[in-house]
Amino acid sequence: MPGLRFAAAAALIVAGMFPCVPARPQAPAATSRAPAAKLVEDLVYANHILYDQGVVDGFGHVSARSDKDPSRFLLSRSMAPALVTSADILEFDLNGEPVDAHGRAVFLERYIHAAIYRARPDVKAVVHSHSPAVIPFGITGTTLRPVYHVSSFLGAGAPIFEIREAGGTTDMLIRDNKLADALAITLGDHSVVLMRGHGFVAAGDSVPQAVFRAIYTEVNARIQAEASRLGPVNFLTPEEAAKAAATLETQMPRAWELWKAHAGKIE
Amino acid sequence: MPGLRFAAAAALIVAGMFPCVPARPQAPAATSRAPAAKLVEDLVYANHILYDQGVVDGFGHVSARSDKDPSRFLLSRSMAPALVTSADILEFDLNGEPVDAHGRAVFLERYIHAAIYRARPDVKAVVHSHSPAVIPFGITGTTLRPVYHVSSFLGAGAPIFEIREAGGTTDMLIRDNKLADALAITLGDHSVVLMRGHGFVAAGDSVPQAVFRAIYTEVNARIQAEASRLGPVNFLTPEEAAKAAATLETQMPRAWELWKAHAGKIE
Amino acid sequence: MPGLRFAAAAALIVAGMFPCVPARPQAPAATSRAPAAKLVEDLVYANHILYDQGVVDGFGHVSARSDKDPSRFLLSRSMAPALVTSADILEFDLNGEPVDAHGRAVFLERYIHAAIYRARPDVKAVVHSHSPAVIPFGITGTTLRPVYHVSSFLGAGAPIFEIREAGGTTDMLIRDNKLADALAITLGDHSVVLMRGHGFVAAGDSVPQAVFRAIYTEVNARIQAEASRLGPVNFLTPEEAAKAAATLETQMPRAWELWKAHAGKIE
Amino acid sequence: MPGLRFAAAAALIVAGMFPCVPARPQAPAATSRAPAAKLVEDLVYANHILYDQGVVDGFGHVSARSDKDPSRFLLSRSMAPALVTSADILEFDLNGEPVDAHGRAVFLERYIHAAIYRARPDVKAVVHSHSPAVIPFGITGTTLRPVYHVSSFLGAGAPIFEIREAGGTTDMLIRDNKLADALAITLGDHSVVLMRGHGFVAAGDSVPQAVFRAIYTEVNARIQAEASRLGPVNFLTPEEAAKAAATLETQMPRAWELWKAHAGKIE
């Protein structure tokens, strides 16, 4: 399995690259408030799956709200998602600051995750991606809408966040809580928000659901772009989307098991 | 061979994921009415091939009419096609109900298969897919027509099924026999029917033929979309398509053997 | 190397599939007029490379004029190119008939090769492909012209063959010498001819050159289609193309060695 | 890891292909002016990464200015980048002539590198590619501009070099210092210059930076082409691009480590 061997070799290379990092830095301590091992495992799989499915490259990140403490969330240290192991997962508070970074670098854009967990108690996982298929929608102001039942979580369409309105001339990054709050307001109660000249964010009530939404946001973008060149598109109505989304909930494990198998065994 | 190792690893992972499922659930009993082992093998290969060739992802399914009892058909339990083994194949009656599900979950859309087997005695295998390349045609009302001899089975063009006409506002799924009958009527005596906002169905007189049609429906969609941007398309005439389809019948094993080799050894 | 393991596994599967075929059918006898082993090896590599580079799928074929007898050419029996071994190579005369088929099925369209070898003494190798990227040009009457120096062999543009003019309503196949002669006339002294609703043929003065032309015909098609959507295209002039083609001749081994390495060891 | 095994097998094949080449030709001698082993290693990785990421095929090349002598640069002998080992790296002077070619063939277009190192003391590495995604921009006169922060190094847009203005009717190659100087003038102080009917050149202040720019030039081209079909594009302003580029500098190692891991261990 390519994914498996890739991950193994990658681990060797990373080990060699950062000699100053302990071979097995400690995962969050196993106290009563430490997240369950299953949640950490899901989060590591999510990192590998998002790379394997083409939704992230060297950049992008995925987080999960702690199942033991809703005021904390888990996110890897600053690194390529495909190379993440459980030892790279750190805990953050809802201001986006690491509880204990163990001296490791953290993502500049961790505030994206923090702001969404603050604003949306229902959200348990967040994906941030620069997927090439999605960028064209944000930079042309084209609304991404569901072309089929599998992307019905797009509902009546994904809103687009314009960082110029919130921050003027920036380096395009969500590098503080003020910008992140503005992004969370644009997200509102949607599942997905596009970011002009940057990428998108998908939120879900579990790690598999957020990953599912990120993957099919990218697929929907490719289909919608192609369809728009053939003629006017007959999208799912908001009512069809709502009904389809409810059914789809029950079918997600089917995709998650496939993606895990394809990405290969972790660690 | 990536496919081979992927399947092997996937089997391990699935085994670990469903501890409540017996390691080797029983295949349909070897009575005089049980389908031939060769048919089950072809159906398992079909599942893997359709994933390997990009026609299905975590969703989609393929069935075969029993070679021992035309009032029965074979279809896997509800799972990703790439992970199917012979132990996952169940037998269904022509109402779409499992003869004995052995307690396992079945596809919501098994009625698609049942209705087509009821309406079309000549059909021995059915593929249902959400292929991204095909969706744009259904949602823009663009007729898919044969661009070359290899997709000549498209004849004068594939009809498009609009579920709103048959069921009003739905969750887009063919989840009962009433919707499935409407779909079968739109299919008529064609090889392929597109489903607006959902995907398509390909039917054939054997598992390899249905798989062949599903794969080249997807290829034709990509070619036709690309060609339509260069100028008006000179399609095969219905007469050319009919002649080409007759010749093509004799050449299908060449592709089937390749796809089997590429997908990798099963089980 | 995926290609290597794929070929090995494929050989096993094919061996199991055709029990009536001797495990190692005889290659053309090693008489003074038998082609050199190096030519046969190049031809087997060409089969694997064309599949590995996406120019052929289960269909398509490549031939080489015998280096010992210019009135003979070499072509595999009727099978998927990716699975060809030296034992599958047969010798044909310039009427397109096998010298001795050893009871094996031959391609319906072997006449394509025969007619071009008859009409073009300079041609030593011929590729026939249904590449999806190229079909849109033939079916919209769009001339394929060189977008960069690497495809400069397209010169002032590739002619398009319309089988209706030569054969009326057909099954689209070049299944006799009459149709093949008409195709060869349209090819004229070009390197490549497109076939409406079918595919294309590339000819060269060696196996590597014909393969190179087939691969970059496909790449040129993708680039030209994409460019034509951005605005009017500034193609290489015929003079630039002629100069670039002369230089390119000396650089082809670089690509051939790469493609061999990527396709993997044969047999 | 596919990349790893591919490289290993490729090395075997190449070894067998050039029996006249010593099995381990000497790398530049380890004198005080010889480049550091780390620079040679980075350059070999760059060759493999650019192939693995789809930016070069059998053609294209990447060089690095010597870290011991700014009047020298390192470039492989004339061969496909994917097959390069440290033994294939040669040293050149700023006129583009090899210091000692050890009898091996050198690239016709080595002058591209020489001219840019002459004109731009800040440049430490140069990539030349024929990426299919980028060609459409040069041949339609469409300016490539940054669609997102990751390609912010494109600034206000990449200039396009028209070889007809500098050399009249040519074979499209930069085969002498006169043409190369004209190219360097068009590049000016940009990071990237497109070459009409040929490809592009990316320059950077390190091997990882030049590789990063080459890879994301290709990604930007795909995104921009797609976006331009959806509507008018809202590019990064030059000010946003400048700010984003400054931030991005600090994030590049993340991508470089991933690409190395994916390309596989060299030698």
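Per-chain residue numbering starts at 1, and chain names A, B, C and D are given in the order in which the chains are listed.
Criterion: contacts are C-beta pairs under 8 Å (C-beta built on N, C-alpha and C of every residue); 3 or more make two chains touch, one makes a residue touch a chain.
Fair warning: this is a prediction, and the values are worked out from it, not measured in the lab.
Participant: Taking a step as a move to a touching chain, how many steps at least join chain A to chain C?
Facilitator: Contact-graph shortest path, chain A to chain C, evaluates to 2.
Participant: Let me check something: if the centre of a chain is the mean of its CA atoms, which chain is farthest from chain D?
Facilitator: Max centre-to-centre separation from chain D belongs to B.
Participant: Rounded to a whole Å, what is the gap between the Cα centroids of chain B and chain D?
Facilitator: That pair's centroid distance is 45 Å.
Participant: Nearest whole angstrom, what separates the Cα centre of chain A from the Cα centre of chain D?
Facilitator: Distance between chain centres: 32 Å.
Participant: For chain D, write out the residues touching at least two other chains, lowest number first.
Facilitator: As it turns out, chain D has residues touching two or more other chains at 2, 229.
Participant: What topology does the chain touch graph have (line, ring, star, complete, other)?
Facilitator: Ring.
Participant: Of all possible chain pairs, which ones touch?
Facilitator: Going through each pair of chains, those in contact are A-B, A-D, B-C, C-D.
Participant: Spell out the residues on chain D that touch chain A in their complex, using ranges where they run on.
Facilitator: 1-2, 4, 146-150, 152, 219, 222-223, 226-227, 229-237, 239-240, 243-244, 246-247, 251, 254-262, 264-265
Participant: Using the touch definition from the top, list the residues of chain A that touch chain D in their complex.
Facilitator: Residues in contact with chain D: 2, 5-6, 8-10, 13-14, 17, 57-59, 78-80, 82-83, 108, 130, 132-133, 135-137, 139-142, 169-173, 196-199, 225, 228-229.
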